[in-house]
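Each in structure tokens, the structures are laid out below.
Look at the two complexes coming up: chain A is in both, with chain B in one and chain C in the other.
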Partner chain A sequence: MSGTNRSTPVASQLSGVLSSTSSGAIAILILVCVLATSQSSSFLSLDNGFNIASQMVFVLLLALGTTIVLITGGIDLSVGSVMGLTAGVVAYLVSQGLPLGVAMLAAVAVGALLGLVNGLIITKLGLPDFIATLAMLGVARGLLFLWTEGTPFIGYMSKPYYVIGGLERPFGYLTIPIMVAMVATFAVFAVLKYTAFGRHCYGVGSSSDAARRSGVRVPRIRVLAYVVSGLLAGVAGVLLAGQTTAVAPDLGSGYELQAIAAAIIGGAALSGGRGHALGAVMGTLILAATANAMNISGVSAVWQPVVVGFVLLLSVILDRLTEKQRGRSAHLPSAPAVATAH
Partner chain B sequence: MSVESNNELASARAQETSDKKPVLEAVGVGKRYPGVVALDDVSISLRGGEVHALLGENGAGKSTLIGILSGISAPGSGELRLDGEKQEFTNAAQAQNLGITTIYQEQSLAPDLTGLQNIFLGREPRRRGLFGRALLDEKAMRSRVAPLLEEFGLTVAELNQPAGSLGALKQHALQILKALAFDARVVILDEPTSGLADHERLSLFDHMRRLRDRGVALLWVTHRLDELFGLADVITVLRDGRHVAAVSPDTETPETLVRLMVGRETPPGVSGASSRAKRWTGAADEILRLEGLSRGVLLDDINLSVRRGEILGIAGIAGAGRTELARAILGADRIDGGQIHMNGRQVRIRSPRDAYRHGIAIVPEERKSQAVFGDFSLTKNISISDLRRTSTARLVIDRRAERKQANEYVDKLGVRTSGVSQKIRNLSGGNQQKVVVARCLFSGPSLLLFDEPTQGIDVAAKSDVYRLIYDFVDSGGAAIVISSELPELLRVSDRILVMREGRIVGEVVVGGDADLGSEEGVLAEKIMAMAARGGAA
Partner chain C sequence: MSIRDRLARTAAVEGAAVTVAFIVMVVVFAVSSPFFLTGQNLHNLFVESVFTVLLAAGMTYVIIVGGIDLSVGSVLGLSAGMTLMTASKGAPLLVAILVGVATGLVVGLVNGLLIAHLGVNAFIVTLATLSIGGGALNVLTTRVELTGVDSTAFTNLSQGSVLGIPAPVLMTLAVVLLLEFVLIATPFGRRIFAAGINDSAAHLAGVNLRRLRLQVYVLSGVVAGFAGVLLAAHLNSVQPDLGTGFELTAIAAAVIGGVSLSGGQGSVWRAVVGAFFLTTLSQGLQLLGVDPTWFTIVTGVSIVAAIAFSRGTQWFASSLRPAAPRPSAPAAEAAEPTHAVNR
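After this line comes the complex of A and B, so read on.
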């Protein structure tokens, strides 16, 4: 959790994060790579790497927000719907003649606003996170359906938007979505690691009582976590609309589960207090690499959810096993209760 | 060198406060909740360099008073004064910024954060960076804590570990550092010694003295009257939300304090003498026998037996293997070797359910997390250990029979409640404990295992729990009592086994006379010596 300060900070932190939270994820990633390479030599090519990166961008942005929310001990089921709705906002506003920049800002703001609503419902009305964000999932999705009247928004694309969506690539492999994802990853990493807000997220998720008694404004931290999650969903929506060139009413549905799976594969805990930005990257990478590997080796797409489910289970089980070996579970305060359960 | 300067600092601060002006005062504070007067016109003043003890039974208003002093709840009437000036806290953070820190009974640390992160949680020093002062300044954190580490028994390595991996004493030390790192002038300790072994308690008292010597005003809530003497400077006693007395420990004894707390004569069984009518005589059938029980390095060749009518005490410091022994008997942990005999027959116990089937029931240490179902009624809490018994055709729960059973136990065990359909979480700790005992009795056990039976419950309820243990063994059961409170063990046990490093290192037979007097002290010393080291006879 706290990387040592001696060797180069980033390197040691990287290894610290990787070894402490996602040993299972690394093992699986290697496994996937080996299997995929044995099936098709093109898996490890630069072009295919780019494919994977392009595919994972959207889930990654959502997974980063989800990771923050999970760290605070919450859960955000609404990110897929919010992403779809914000994509609709861009498409609609542009087709109404607004400048692209304004439309994009408005969409991101809508994402953040919906996150704010989530957070306020949870903290002010005291609703469980699961219920509040499940409701938001339904509301945002329903709004997009009503708004589009069931037919996709189209005809909003312009030359700059092709660049922003990554369909045109003036910088080679480094498309705008990939760059945005990299910046977002770094930002979330830095915020969680080096800022008081990040520290307070861990504190709130680890023990909200202790955090409250330490003077942390717990409700504010939780609300902010949802705002960040919504904001990142908004960013993802803007990019996604540019890539799909059409906003279907069901755009982004199911993404929330991928985001949660990615965060958890990356070492976040549903019980709060744990999770890392780089873990979210790892988790998303595994999901994307798995899907990609199945594609290029000709496995039917129908199998993908099944495999993703197993990958999720496997990574968490591997994590548990290595954790036990390190004896970390021995010091958990609830160890006796846990052991009594079997 | 830093130690020296610290000492100078301490003496300087002591000088400053030697005139003992109150730092924090509550003047005539009151607090009402719907239907209850939790606190009524209570005044207390905390002075720098003074240890102020706060006594009272559960429900006397201690928690409410602490809540008000630490800014968690606002007083309904009366006022708080800081340095003589009226002060209103709107939240805990504000009180903390004014130098009032509270160290709670439940550990108020975030287990996943490191020690260092916990110390500064909520008030992290920032450094200037790209975005103003948003970045954490870890160097400043380390340098501010460094001079205090050694004094409070912590190492740099421990600061970097997750707080949840540290022991109770170290966690207390962390909380104390947390207070000091922010120049706390008032430190409120809510039952800090519960869950600590005897030698750890002594270390904690040393920590408290160091705080006092730095001129900090301490408010100390405890249930253990024996702790007060030699450390507390003033004792305030609350009863039923009212201020009863502010006394000096020099003029009091535990008995007089108990009288102040309960407002009546000392309940039987509290004052050292045993209230148990008949002592165990030694000749009876064996209920439980362990032969060579082992589990890794935690339990090493444990042999013991408990007979009908006997109360066997298990003593030892934290980590000696007492809890592991209980868990092994209960089948909560898989044992590596050895045999368990119940009522003369060898049995295999691989889960708590097996244990229940063989007539072993446990009153666990952690009441809140391991014993009670907070949202269940008393009835449901009791009947859950053997639902089939109150079920028609062993299938459909007969709710009337269930309630009738519960009523009988509530009467028999003297649970103070508004009715058996009340939720258990609304009962005091002592009454909850009685319900847990009732649940165990309901399963019809021949052996009851008590792990820290009176932790966190008040004096009067303690003696009630002791009586339940006596009644159980007198009616033909056997009991094992694990406790880190030696006086408790000496009071209830017929025989005490001492554990150290996973082994049984000694045995003490407690005399049959009701009045033990000085003999108790001798036994206590003997046990402590064995528990600490080298006393294997």
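After this line comes the complex of A and C, so read on.
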């Protein structure tokens, strides 16, 4: 509990983060690490650590955006498709002869624009978030299919793009995607914690009515949250196109559910008002570490969805049990979120 | 009563707009393709829509009570796989059906226990069981050869007919009618609305929320399991990714039909209209020779259009009658059940 330990500010801050990052998640992560290490000693090596880091970059970028949207009380199902479509934008524009920088900017802009469309449909037309972004999932996916005519975009790779995609490592272990993900995590962390927009997000998600009464322009905050989510999906798309070296029509399918799962394991709630950037990192890390551990210990690919499902269940169950325990001693199970909101 | 009043009253009926949109779509398809209204095509349309219809009908219960069930797509596929496996081993038809339905029951029970008794978020629990169920079917298809059952009793589940009406359509109709009846005419149904509108009020009124939620998820699982049985008989083969994406179609169908994701509102027949809307759309486009790659785009846009249209009609209805307060029919309906529970 963040309230009980006030000895040093750092310690109390850390314990605040840990208690809101859901202890279930931490327990699961430790369990996965122990099991994987007992199977293969290479799991805890530096090499494999960066392996996991580069595997989790894309889900992490999406999970960060998803976290912001979840905090405002929404949900964004379109991020996987938007990521795929923006990857297509880069690939196409580069193959049309545009400079890489321009193509990348255009792709990120497309991501933000699709987020804007999501936000406007939700706030102006009043459609449920689930449905509006589900429709966008279909539209973005369909557009990529139409555009690619069913065969992957190829032949857009260039020397700098190999570096941007993380396939070439000019700085040792640190690849560009990992650095971008770190910067994005830090940015989302800072925005949520230190800016008015961040506080408004928590306010809108906790009680949009109360937020509106205290002068927050609720629709604008919600639209902005979707724009940020789309923008991050665009960034992820740019990096992903560089890593896969080909943009398949179904690139990015299913990523949206992973991103939501990661955000929720990390302490975000679908009811809004809760969640933070480090939680998204934690949630993504658990999913990536589990997948990696299964590969290392030779678990057959057909079993992997089953195991991922069980890990997800286990982490929320543990979280729920500890929360119940905590609820007995203090009557404010969501205290960290409340504290962040004000 | 003036025409204006009549118009306002009709437009205010929840689900009226979607029904109108559905009819307009049917007319458009009928005009643009001579084959759309032929007996064979309608037969196909009905037979192929039963799966979405069943999932959407079960989903309606879950959504009204304020939850969500993402696992139904996997349950559909897994139950089809289990049914086909049992039937291909020569088990009697009834056993195969029971195995399929029981698969749904088990998944629904797991969902319900975790959501209702442990209080874990429904989205996450059912997302996990979606993953587990889909993975289990994948494993099943690598272990067992799942192709073709050579039994007329089994294929009759899909190809048989009574008085010219295909058997799966008849069975689905029976399930839908039963579900609608239970929802609107029994204390169980009233409790579902009460819990969806205000769970703490329902709790104070004596509703056992845990049991109610458990029952609703089990029901959704069982209905999805039954849909899987019909799907197994229809295809007589099972692919590893069977059922993928059906959960989102079922939810979209319910929402298009006006079932509110915030709970407490909706009816089975409206979800069924929504399901027909989606299946007719994709079948009509196919008939018009539209490139299948357009389907996801057209479906996405028409989901938004259908809901925006029905929102617009509601708004239009309330603007026609500024004197009377906006008719919130479901809320009024729901006030009664709360009393009924209270007695």
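Everything below uses one rule, namely that the second predicted complex is superposed on the first by the 311 of 342 C-alpha atoms of A that agree within 3 Å, B and C clash if a C-alpha of one lies under 4 Å from a C-alpha of the other, contacts with A are read in each partner's own complex, and residues count from 1 in each chain.
By our rule, a contact is a pair of C-beta atoms (placed from the backbone, for glycine too) under 8 Å apart; a residue touches a chain by one contact, two chains touch by 3 or more.
Since the structure is predicted, the reported quantities are computational estimates derived from the model, not experimental observations.
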First, second, both or neither for A:213, with chain B first and chain C second: first
Which of chain B and chain C A:199 touches, first, second, both or neither: first
Touching partner for A:121 - first (chain B), second (chain C), both, neither: second
Which of chain B and chain C A:188 touches, first, second, both or neither: neither
Partner chain in contact with A:64 - chain B first, chain C second, else both or neither: neither
Residues of chain A touched, compared between chain B and chain C (which is higher): C
Chain B versus chain C as contact partner of A:145, first or second or both or neither: second
Partner chain in contact with A:261 - chain B first, chain C second, else both or neither: second
Chain B versus chain C as contact partner of A:304, first or second or both or neither: second
Touching both chain B and chain C, residues of chain A: none
Footprint of chain B on chain A - complex, ascending: 1-2, 5, 194-197, 199-200, 202-203, 205-207, 209-217, 273-274, 328, 331-334, 336-337, 339-340, 342
Parts of chain B lying in touch with chain A, wherever the complex brings them together: 72, 91-94, 96-97, 102, 104, 106-114, 116-118, 121-124, 126, 129, 134-136, 138, 160, 162, 164-166, 178, 323, 327, 332-333, 351-352, 366, 369-370
Chain A to chain C touching residues, read off their complex: 77, 121, 125-128, 130-132, 134-139, 141-143, 145-146, 149-150, 257, 260-261, 264, 269-270, 302-310, 312-313, 316-317, 320-321, 324
Contact set on chain C toward chain A in their complex: 114, 118-121, 123-125, 127-136, 138-139, 142, 240, 248, 251-252, 255, 260-262, 291, 293-301, 303-304, 307-308, 311
